[in-house]
């Protein structure tokens, strides 16, 4: 966290009125908060492109009946243990597991880990969701 | 176009400094211009979700040797003639055409037109790119 | 999990050769596995659009020094307790927390929960990452 | 265009049934056509990441009343004339223009052209939509 900095901007009246209506629907309490989120998302896109440090989670579902899958998942995660903070496991139904792996590290390495897990037989869906770490 | 409206916002000092560096790299001349673009993109997302009016272009490549394709493309475009402003055609190479169809109208109808074209045998790629019309 | 079903498809030779090179780089062991993933992603897009049931995680970072933020986060999560399976919390640094909330339920409700959390003062980034539950 | 190549794949029965329903709704006439499109989109993502050759269009709206904008747009387009095939211009309403610029060339150069146009004062929306050129 850092000091607040105040400055003025100029926008078309029509545009700011439409924006005010939009952010009120979403529940924002001020223009500053809404603009802050747009700026952070824009900077996150840049950080990922440039291979900077991010934190986030790999979210995947898999079929734990697949032969060898659970062992392969553990092997790969240990190969990247320096990126993985901890994991959370949910038994979705008889056959399917939801696993959420909290990660922190360089964006390209985390993307490599995600790809290595995604291609395994039995992994049904995998998403990587990251946020910048400032 | 409407009158300009000036107001103040407060952001963390670190965040605005990172944003200033980012928009300077891109070539923006002021924070107001860069924030204006972020706001317009956010509002466009909402307009599309809510089925509002948009303008833009369907961009596609196709293999004009495919039997019947050119006639099917024309038939479908005439079915949606009220959405189509004009088209631009480029002979990319011996077999491939690039066609850019300028469109204006309700977002769901334009998306329906795009899907109808996309599924035709011989259409290789199709993207819909729209902007809000204010 | 269900029985396997085998069928034939026809593709341009150039296209399947490019695809073979691509999936080999990623680490897939067969075309079937790679196509399965493309199909699942396509169906997930549809499930989200149509408001079906999904499972996944809300991934967010926030500044725990912000007054009242931690209480607000808990209040909102309890309002949506039927969607939340469990949460995982990481102390990223002195001021920042990473919180990963495993969720399961209807896509629109989960998106509403994500928006309610995202707009809070002090929440720096928030992503929703979901997978279909079949 | 190249020769057709036929091969077999194996998928879970539930998955292929859901896929069949989905592509029937969209209007595809065969699984091969639908899978072809998923493969092409996947390969296009890779081509863009790796900076390969693409064709497509820059779609933008702008306010032609803005001082100097039209001249700046022409200057920049001439700087990148080797990428631009032709342009299509639509007078949307009293103040707004829709311009669609057909382009072909290396993905990073086309992205640079798009950014240079996007940051100009008076350019309201700009999207780049590309397809692979095989």
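The letters A, B, C and D name the chains in turn, as written, and every chain counts its residues from 1.
Simple rule for what comes next: a contact is a pair of C-beta atoms (placed from the backbone, for glycine too) under 8 Å apart; a residue touches a chain by one contact, two chains touch by 3 or more.
All values reported here derive from a predicted model rather than from experimental measurement.
Where chain A touches chain B, the two copies mostly use the same residue numbers: shared numbers make up over half of all numbers in play. Centroids of chain A and chain C (each the mean of its C-alpha atoms) stand 8 Å apart.
Chain B has its Cα centroid 26 Å from the Cα centroid of chain A. The set of chain C residues that touch two or more partner chains comprises 1, 40, 134. Taken together, the touching pairs link the chains into one ring where each has two partners. Contact between chains, as defined at the top, is found for A-B, A-C, B-D, C-D. Of all residues in chain C, only 1, 26-29, 33-34, 37, 40-41, 44, 55-57, 59-61, 63, 65, 85-86, 88, 90, 92-93, 95-96, 98, 100, 102, 104, 115-116, 118-119, 121, 124-134 touch chain A in the complex they form. Taken together, the chain C residues at the contact with chain D in this complex read 1-16, 18-19, 22, 31-32, 35-36, 38-40, 42-43, 46, 134.
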